[in-house]
């Protein structure tokens, strides 16, 4: 693993993140034919991000059964943070983001759990706090059968930068 | 809620919609860090749209169990209509659409139900009738465990406009 | 059905495919309001592709129950191949691809099966072998309840071309 992130905030977005008491995590270097994020034109697209913290999932299982919605909301924020770290690794500075275009959030859900939007608010609220006007995004929240490594959530982003 | 749509058809696309006996619904104003649709470059991306009619879901549950496929097909058309209303709210006039690029449709499905494409034809056929050549789109149809508010379907769009 | 593909490799990408002992399948012509792939700006987006071989699915069912992971990995490669054939049908030559931007892979999964990334490596490894540097993509792997026609996998692509 190569740490592609720096330790100190490098701009307004990371300063706001620091004000929230959080820092951008490191990004694992690509391990195969796919990467945490790629650039195409003025857009960066991330891979689906799991809520890894220091290389481990803080919780596993299906929301509504073994994972409660409040925990899942935190995990969605963590996934979004990992996605932003992936974006920084390909564009260099999160202050270059002019529009968070799309957030897709998959929530591993018991078929009786219907609160996917509340779970995804963990990601959306963080993005809104960090990017303000540029953070207003389109979003899809979906409840799925199961996610990689039994993660409760997975979040992917498309952002426009200049 | 602020009604961002107008009542009268404003162009060829909405006239065709009127010919089908339908009108574009109103769009709820953004309620948080995300919006019904956003513009990035020459593209508009919608949030995942549920088949709300006047603020309520006409049906809930999983297709193949509590919701029959024909009903789900209608709900997919309603979701697509809501998505188009969201697009109009950010580009002003649906006649500006030069290409419906992608339709993703999630169908809350019993694991034994495999007719997601037929359900999504409700959305695709409406888009084809309204946009004709510009309406020929790429599409993914997926059967998922559960959707927000126990909605049977959710549809998202990406369109190119000029 | 109209065969939109040619039989002989037409460039470096298809030559590499031939070296792997594979050929690009034919693409069924559009049957309705949607198409196997569409072009918008410098990008081509595919529909969700099932692992059809000569018009039939080699296997059906949920991975982790009736379909083993190794078989599913092969099916993911086949789905990716069908997606590439769809892209060729709209851009003419796969050598025009300058970036495989995004791969989304849906795996019909028993809720206990968490190896979606390994399944999707079937698609990613093939794309990496064919496009080399231009094949490094963002990817999301998701486990869903059920897919059209009970397919075990479905793969969609976004690529940039010039």
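What to note about this one:
Going by the order they are written in, the chains are A, B and C; count residues from 1 in each one.
Operating definition for what follows: a contact is a pair of C-beta atoms (placed from the backbone, for glycine too) under 8 Å apart; a residue touches a chain by one contact, two chains touch by 3 or more.
As the structure is a computational prediction, the values presented were derived from the model and not from experiment.
Under the contact definition, chain A and chain B share the contacting chains C. The pairing of chain B with chain C is characterised as different-residue: of all residue numbers used at this interface, under half are used by both copies.
Chain geometry summary: the mean Cα position of chain B and that of chain C are 25 Å apart. Listed for chain A are residues 41, 144-145, each touching two or more other chains. Of all the residues in chain C, the ones that touch chain B in their complex are 30, 32-38, 40-41, 45-48, 62, 104, 106, 108, 144-150, 154, 156. Residue ranges of chain B in contact with chain C, taken from their complex: 41-43, 99, 101-103, 109-117, 121, 124-125, 127-129, 135-145, 158, 160.
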